[in-house]
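As written, the chains take the letters A, B and C, and residue 1 is the first residue of each chain.
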Amino acid sequence: MSNATHCSDRVALDLWHPVAVIEEAAPGLVHATRLLQEQLHYALFADGTAAVWRAEPALRIGDPVEPGMLPPALPVKLAYGYVWTSLGNPPAELFAIPEWEEADRRRLHAATMGVKVSAPRAIENFLDMGHFPYVHTDILGAEPHTEVKEYDVDISVERDEILATRCRFFQPMASTASSGGADVDYIYRVPHPFCSVLYKSSPVDENRLDVIAIFVQPIDEENVRAHMMLCVLDEDNEDKIIKRFQQTIFGQDKPILENQYPKRLPLDPRAETPIRADKSSIAYRRWLRDKGLTYGVIPAAA
Amino acid sequence: MFDTSPHRWHPIAASSDLVSRHVFHGQLLGREFAVWRADDGFVNVWENRCLHRGVRLSIGINDGRELKCQYHGWRYANRTAGCTYIPAHPADAPARTITNRTFAAVERYGMVWSAEQPEGEVPAVAGMEEGGQLVLRPIPLNASADRVVEHLKSYAFAPSAALDAQPVEMAVEGGGAFSVALLARADGAATRAAFFVQPVDSGRSVIRGMLDALPDGADRVTVLRHHNQRLTELRERIEREAARLPAPEPMQPAIVPVSAELAEMPELTPSGRKAALRVQVARKWQAAEGIAALELRTVNGVLPTFQPGAHIDLHLPNGLVRQYSITNGPGETDRYVIGVKREAASGGGSACVHDTLRVGDVLAISEPRNNFPLRRDAVRTLFIAGGIGITPLLSMALALDHSALSYRLHYFAQAESQMAFADRLAELKGNLVPHLGLSPEATQEKLRETLSGYVPGMHVYLCGPGPMLEAARAIARDCGWPESAVHFEYFKNTHEIDDSSSFEVALARSCVTLQVPAGRTILDVMREAGIDMPSSCEQGACGTCLATVIEGEPDHQDVYLNDAEKRSNTKIMTCVSRAKSARLVLDL
Amino acid sequence: MIKLYDYELSGNCYKLRLFMSMLGLEYESVPIDFYPGREHKSDWFLRINPLGQLPVIEDEGLVLRDAQAILVYLAARYDTSRQWYPVDDPRRLGEVSQWLSFADGITATASAARLHDGLFYDRDIEACRTGAHRLFRILDDHLWFGEQEGCDWIVAGDRPTIADIACFPYVILSEEGGISRQDYPAIRRWCDRVKRLPGFIVMSGVFPAGPAKAA
């Protein structure tokens, strides 16, 4: 484990990171969070703007603040229900999720949860289907339907993101409308080293896909806050029912993630044993290696 | 800091910690272990991470024969720690080199001892008799081992026969860097205690103590409580002292990388017809009328992990090489049991096994090879065995039975006396359906009955004489079974091999083009050119010498591939099949 | 039918789901958005439980809060075997009550640590963890000596009691609060035994055990 007190990884510093849920922070007050081992403060304002700054003694948590009286601010973006910031020089744009704009979708923040694992381990688990029958038993999968069928993985150079398509997995209760199981289609995007977006067959409209995203805020190299966003077609269920489903799933992943050793993701191909089902994870590890990311990973020996 | 030698034996658990179907979470010098006892009593001490994604195996499931990872259901066998099943790819046999790291495990004085690279024997403890000692409740504590050892020298207790005696005369009788031997005397009674301090990590330890024999009249639990009370008080003192100092950095045990071969996605590993293992016939008995059973045990080391459906090549004293399926159930990794039927038309293989082999003989065998892998994702599995075809299916049925998966084993035999391995069959209870003494017509009728009622998700595995397999495959087709759900293994290829053609074979990856003349096989010609290709039966039955066809039309003469595979012209058995086209390009 | 005001990730709600499953009781789960919605602090919920805590049950007009109290009620009202809450055996009944309070201590420490780490509650995390380890040492010691006398459960006897149910959830979830159970081998074995009880169910964060012996 590295004992550095600050993040010195340029790649991680220059990323946009989610640090707060817009709907949860009372406006006009100082709130606190951590990012890449740094203590940050932030505030949202009635006019819909937000500010994030490195914590300093003059302002304490809970103090009322106004936009004019803030210390030098960090870059800020408001997107997908979250406040995003960066400790370096972030790109002009955050990755796009076009479905977010579709008027008939429900946009929900399901929860933010603390997990004792590195951000890349959390993302890799999000991309994984083989664990459905074992970890999400009777929800996303069930024995004996354990096969991970062949799927395709591409790294888009132009968009600098990983795309896994033609993913299918047997789901015991494929939709509320049918009582039997069926293959469900998935598409996975990794547009950011610590964020992933999943598209999944919509139970209500066979021509469209539900969107479930995980945005991981690295607190340090081995601890994260995972923010879960949903953007789904569902007119029947209350928000809390949809949130409960997502929290149940993530709550099942949590003890697996917290029992992975080492906590940081090893990028050396010989650290772990991939199988064909792990194509997306192989691509993800290679992509991180090519970016030169060192935060939350164990870099491959040169 | 204390001595962190990887060569020194340390106790890492009490024998009583390893209860049935449990996984104990151990640690030594910073390295975590998953420690579990199989139903056969064997104690496994493994690196506490699944080789796939590093998940702790101490949260996995000990099913008595295998340890199952909670994350993706990978199964690792008792004793060998070899992976036997990867549920994400149910149709594949896992590469048998996926083997978790194992550590020495010796049970002595009621404790389990281990070391990373042990040297010598587990130390003998003066005054302790194996089996006679009383093992105390282990006391984990947050302090370094050397500090704990120092404090233990002043540990005071009363002799077991005089727990209330005052005063007690204490003497340090011996000890070492991680141990202290004490003697307590009072009122004419004496008790000897030996303590071992397990260095869990730099700042964490476990005190593992034992007393010499419990005297008559002393109450075991009272004695245990006596020590537990005093050791707990000692712990408080040691921890208070340790807490005043900065906590030492945890140790960082190195994780051994997996082999380069495993780091990439699996590819064909080249190897010829090899007999890498030496085994001894440990037992030979009559498994049924006309069927000899052999129990083969390793001469040194451990046997490689097998999967249900796997076979070995047995190199017989008369120079013949024959293939036999392993009949073992899951986790039975200390032996291979095979069944050999005496064939009237024997070329000398079965006769040699029956008449010549004796207990104690040493034989060469190949590593187990699995060309008949068992899926475990079926909604229901049928096994149809004819005669000695029971052998691979028995192993498969035992595996599904142990995992409580739905299956039936239909066993066609001439008479009950000819049903092999009756004791193992009895374990299958109602899932075994014998069909005895049926005529060929009645067999067909029974097969039709058995194979009717196909629903998607079912799989059938067939093994038996050629004509029965042909019939069963045809009936399965009639009953709507897709070829992908019908798996079969022939004993031998009874087809007349036509080797009159001559053609050219190009090996794409090796950049070699070879001429195959009439009368020679692709395999022969490749071997001669120095291309190493695994093979086993060399008659188109076992599936070992399979190659991928990139271009050209094969002339299939094997009985391994199913019809769809043959029609697709993408696979070829290089030991018997040839080319209809003038040229074949293989992915080799 | 019994109505349970419920939150999936709550170990205290799980106690009741688990126990009702073991008793074979049907119930209706009313999901409460405990996190992030804090619905248990909403006006409508405070009218049901002024303490603003989960779980609460309603049964035949009775509104009852507090997981341990509800276990007592369910056992006394619905357990025809009389094993779970041994009202006819004063000694064991006293011990059950003793361990129900102990379970409250586990909630105050191990569950608080989990809320801190997972859901960012403001707690003194070191005090929570230290407190949980202190309790786990006592429990491990107790269970180890129980094993020596052939007893599998927290309260001596052939069968488990609601003391086992009350203590189990926040013990098995402790690692989410950074409290390892590696040093408590007797607790780890007892967890396996609880998982093998008929009617056992899991919640998010709890893995099932395999069968205790060959099928």
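Note that contacts are C-beta pairs under 8 Å (C-beta built on N, C-alpha and C of every residue); 3 or more make two chains touch, one makes a residue touch a chain.
Since the structure is predicted, the reported quantities are computational estimates derived from the model, not experimental observations.
The central chain of the assembly on a C-alpha centroid basis is B. The interface holding more C-beta pairs in contact, when B-C is weighed against A-B, is A-B. Rounded to a whole number, the gap between the C-alpha centres of subunit A and subunit C is 31 angstrom.
In whole angstrom, the spacing between the mean C-alpha positions of subunit B and subunit C is 38. Centroids built from CA atoms put subunit B at 38 Å from subunit A.
Shared interface positions of subunit B, defined as residues touching 2 or more other chains, are 59, 70.
Among the residues of subunit C, those touching two or more other chains are numbered 207-208.
For subunit A, residues touching at least two other chains, in rising order: 255, 259.
Across the interface of their complex, subunit C is touched by residues 13, 16-17, 19-22, 24-25, 27, 39, 59, 61-64, 68, 70, 137-138, 140, 204, 206, 220-221, 224-225, 228, 232, 401-402, 404 of subunit B.
Considering their complex, residues 1, 124, 130-131, 133-135, 143-148, 255-256, 259-262, 266, 268-277, 282 of subunit A touch subunit B. Subunit C contributes residues 141, 144-145, 147-149, 181-183, 185, 188-189, 192, 207-215 to its touches with subunit B in the complex.
If you check the complex, the residues on subunit A that touch subunit C are 21, 24, 109, 111-116, 137, 225, 239-241, 243-244, 247-252, 254-255, 258-259. The part of subunit B that touches subunit A in the complex is made up of residues 32, 48-49, 51-56, 59, 70-73, 86-91, 98, 252, 255, 257-260, 262-266, 376-379, 405, 457.
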